[in-house]
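To keep things simple, chains are lettered A, B, C and D as they appear, and every chain counts its residues starting from 1.
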Amino acid sequence: MVYSGDPVLAEDLLFKPEHSLIEQSLHSRMGATTTNGDGFGIGWYGEGATPALFKSVDPAWNDENLRELTTQVRTRLLFAHVRASTGTPVQRSNCHPFRHGDWLWMHNGAVFGFHEMKRDLMFAVDPSLYPDITGSTDSEALFFLALTFGLEDDPVTAVARAVGFVEDLAERSGVANPVQATMAATNGESVWAFRYSSQHQSRTLFHSTNVAQLRDLHPEVEMLRTLSDETRFVVSEPLRDLPGAWREVPESSYGVIQPGEDELRPFAPIRPAHVL
Amino acid sequence: MVYSGDPVLAEDLLFKPEHSLIEQSLHSRMGATTTNGDGFGIGWYGEGATPALFKSVDPAWNDENLRELTTQVRTRLLFAHVRASTGTPVQRSNCHPFRHGDWLWMHNGAVFGFHEMKRDLMFAVDPSLYPDITGSTDSEALFFLALTFGLEDDPVTAVARAVGFVEDLAERSGVANPVQATMAATNGESVWAFRYSSQHQSRTLFHSTNVAQLRDLHPEVEMLRTLSDETRFVVSEPLRDLPGAWREVPESSYGVIQPGEDELRPFAPIRPAHVL
Amino acid sequence: MVYSGDPVLAEDLLFKPEHSLIEQSLHSRMGATTTNGDGFGIGWYGEGATPALFKSVDPAWNDENLRELTTQVRTRLLFAHVRASTGTPVQRSNCHPFRHGDWLWMHNGAVFGFHEMKRDLMFAVDPSLYPDITGSTDSEALFFLALTFGLEDDPVTAVARAVGFVEDLAERSGVANPVQATMAATNGESVWAFRYSSQHQSRTLFHSTNVAQLRDLHPEVEMLRTLSDETRFVVSEPLRDLPGAWREVPESSYGVIQPGEDELRPFAPIRPAHVL
Amino acid sequence: MVYSGDPVLAEDLLFKPEHSLIEQSLHSRMGATTTNGDGFGIGWYGEGATPALFKSVDPAWNDENLRELTTQVRTRLLFAHVRASTGTPVQRSNCHPFRHGDWLWMHNGAVFGFHEMKRDLMFAVDPSLYPDITGSTDSEALFFLALTFGLEDDPVTAVARAVGFVEDLAERSGVANPVQATMAATNGESVWAFRYSSQHQSRTLFHSTNVAQLRDLHPEVEMLRTLSDETRFVVSEPLRDLPGAWREVPESSYGVIQPGEDELRPFAPIRPAHVL
């Protein structure tokens, strides 16, 4: 889940059903399936330019520190993630979001064939970045590949090249359909959200619609009056109770939440050029 | 889950689907529902008369130490439990099974109104036993009440008096239907398993049928040939794939697995006598 | 450690050696002895009247979440504690500070004979408060006794009666010198700190001296210029590098940090009146 | 700590002061310094050829599961380790001992400059082994380098080449004195223990002397009568209470505990041959 907007208490975003647009989506993601019981994490921008992280291997629904913390954290930009391990160890360093400098990254999905391709993927990470990898997941590998390919300068091209690199390597390694991903990245100002899979059957991704329009649609919903027009949510699952509130990010697309007009564009991996 | 029989590797009981009569039941209990993700525990008789405990607040399906340990533990009597907290903290001291001396105890269910009745329940525990209570759950309170009422000498009467005490107190406290329980106790020789609820709508409890009979019924199932005639399982959920393997413990009953003939009898709480 | 003063980042209080008056004291308490490796906790006043808690069974020096969190928490009143278990389980519910309503409580020391006296101590707790006890320590028992004796209305009398109750019970139980304590309590406005032991050989307790005076004494210390005159620290160990900065709380005394003039007065337990 | 000998309860090796030759050494290592509070692990040979692992990020002195487990584990070959992190995360996958197939490995010390050299060290690991690296420590890197250089066939040469590789890389990277190590490896039959540092100022390493000789020296020590002549201990710190019981492994040496005669020989790294 991504929240971008006026500063709000994290508790209102994560726990308070009566205050939160995203309650149902979170409820199902944080509590209803065991496959999301392998740790969780939140990253947020508050004091200073560098985002803070709170990550734990406990199931999110058990963590009393998370509940306490969210009553005190007021943020204009929050990433929240619940993890379902696809085989790598359940340890804090494998929990999302991942951070590098002022950037945050998170990923739902998998790199299929990761165990076999891991060495080649790691080797492709820029040597100056390599030592900062602390965990062992495919998700962190994708992040560091994207950093290697220029995430901090041109996020969309960098992610396209990272995904293209994985697909090219997979092809040469005999791995079919290697990438299944919804991914989000932010520098604390803008948020980039991607929906893509090699097989073009990606996990769902939704973003909230314009709050002003929504307010017109649902004048009776009080909380809509307190949300600023700049409020944006990006989530894996649609909210079911507010017709018109959610719009699906199309297959093979990315969206940008940014000052000014948001964008929604097609996404295509960029394969590495092989010198003959 | 209770296993009693020839010494086997705990791994075969808990993890190996192809070797284990109880795989399906465990699979669903240990992996498929988040409500059982609030810690787990096993207790077993091995070296010495006192059972050993391995308990953790991690979800059982994540615990690498549990997998390792079960490859090395060979036991003739195992209690295994996955916990779904009903409000008390997720901490090791609240995980089942509970131990006192050479006895083990576990409980699925709840004492409704526990928060309000806790002080009176604790006060009813024998003062010499009281300091040994280490956790804060209703389940451990039931155990210590049963110990107070003579569990080590006459388990059935003691559990009947413990349940009766709770029901009597609940009545005076205005709590309806306070007890919902399947419970198991063992001294390392015999196992007592109880199915009871104040409302007579108890959670299910099943025991395995006679292995010799089962072997006649399913001559094609190889593993049945390796189990001794003394093998017994008690589980919360039936196995679906071996017709005739499981028999439900009836509502308001208890069973005893013991050297010689097993027993299955009606269970009724014994209320305290109030002096007028 | 207690901090009271202008809102500061918890990081500056707990981790930043160059910014913090209390670095050396914390350094030794949080990192240098294993006896304080049995969990830690912080409680602080931030958003809302109710203080937030962050507690963990990890050694404080390992906890990455603590480091992250303290970069974001700005507080005018912080309690911090590192625990050395005196026998009770290492679990979050046994970590300090303890909270009840808007109050925080922490304790260094021990109630000797606690195991034997636990039942009598627990049953002296007001029945309406009893169910809110979540852990199993002597420290939490002292807190709930003090609450029972009116902590929220008259903290000094309440703590005196709690300590007197323990000493009286110990005498009748054949336990010598039962109380060894430095304790601190706060309602979010004032802080009460106590130094007392039955044997009159209490652990040390220090408070910071008047910042204005200190500034005159050390005009070269830059950070003193940024601390408001209302800044107060209470710590277990003196700082060694700033002569005149710390004053020992005398044996059998208590201090009050409050709006207006602080106080420092003798402390004496109040024994229960036994009806003959 | 390494134990090799007749099967004994792990509890007797790790916790029982009155039964254990190594109590004092363990006491100081497991309890007395915070620097060893960053997790622990044991690996042992019991059921089957593959050793089992029990590892945790809790301080060893707090882990109730460790105490329970060691009352049930009977082993002829045990590795035990307490960790003091040199900067890598405190997580289970970074705890020793490390396992590969039927081999165990542990290491006290550090690879200085590891952060800078990590990438080159990792890419020197055999590609077929690379994906099995699960943690992020210098110690595991040394293990996988040794495996790459043939640990399973010729352990001494393999470790010499691994250390030589690190020293050669360090020289080219401008890192002085990169290796500080006592290391132990076993295949379940023999144990190889190494003491080496680039600066020739290695951490101490001791092995127990011949039990038969020791028995003659101390006929009054009852436990010596129960230990078989094949009993061997290797420890980081000497026992102080049994004169003649411990012999220091000399600087730049290795020892082999094996069926038949043990060995103690000089150890020298083998640098890679650089093709000009």
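Here, a contact is a pair of C-beta atoms (placed from the backbone, for glycine too) under 8 Å apart; a residue touches a chain by one contact, two chains touch by 3 or more.
Predicted, not measured: the structure shown is a model, and the values here were computed from it.
Along the graph of touching chains, what's the shortest path length in steps from subunit A to subunit D?
1
How would the subunit A/subunit B interface be labelled, same or different, where same requires over half of its residue numbers to be shared?
Homomeric contact, same residues on both sides for the most part.
State, to the nearest whole Å, the distance from the C-alpha centre of subunit A to the C-alpha centre of subunit C.
Their C-alpha centroids are separated by 41 Å.
Residues of subunit C that touch two or more other chains: which are they?
Residues 64, 89, 92 of subunit C touch two or more partner chains.
Give every residue of subunit C touching subunit B within the complex, in rising order.
Contact set of subunit C toward subunit B: 89, 91-93, 115-116, 118-119, 122-123, 127, 130-131, 133-136.
Report the residues of subunit D in contact with subunit B in the complex, numbered from low to high.
On the subunit D side, the touching residues are 9, 44, 46-48, 50, 52-56, 64-65, 68-69, 71-74, 92.
In the complex of these two chains, what residues of subunit B are touching subunit A?
31-34, 37-38, 57-59, 61-62, 64, 85, 89-90
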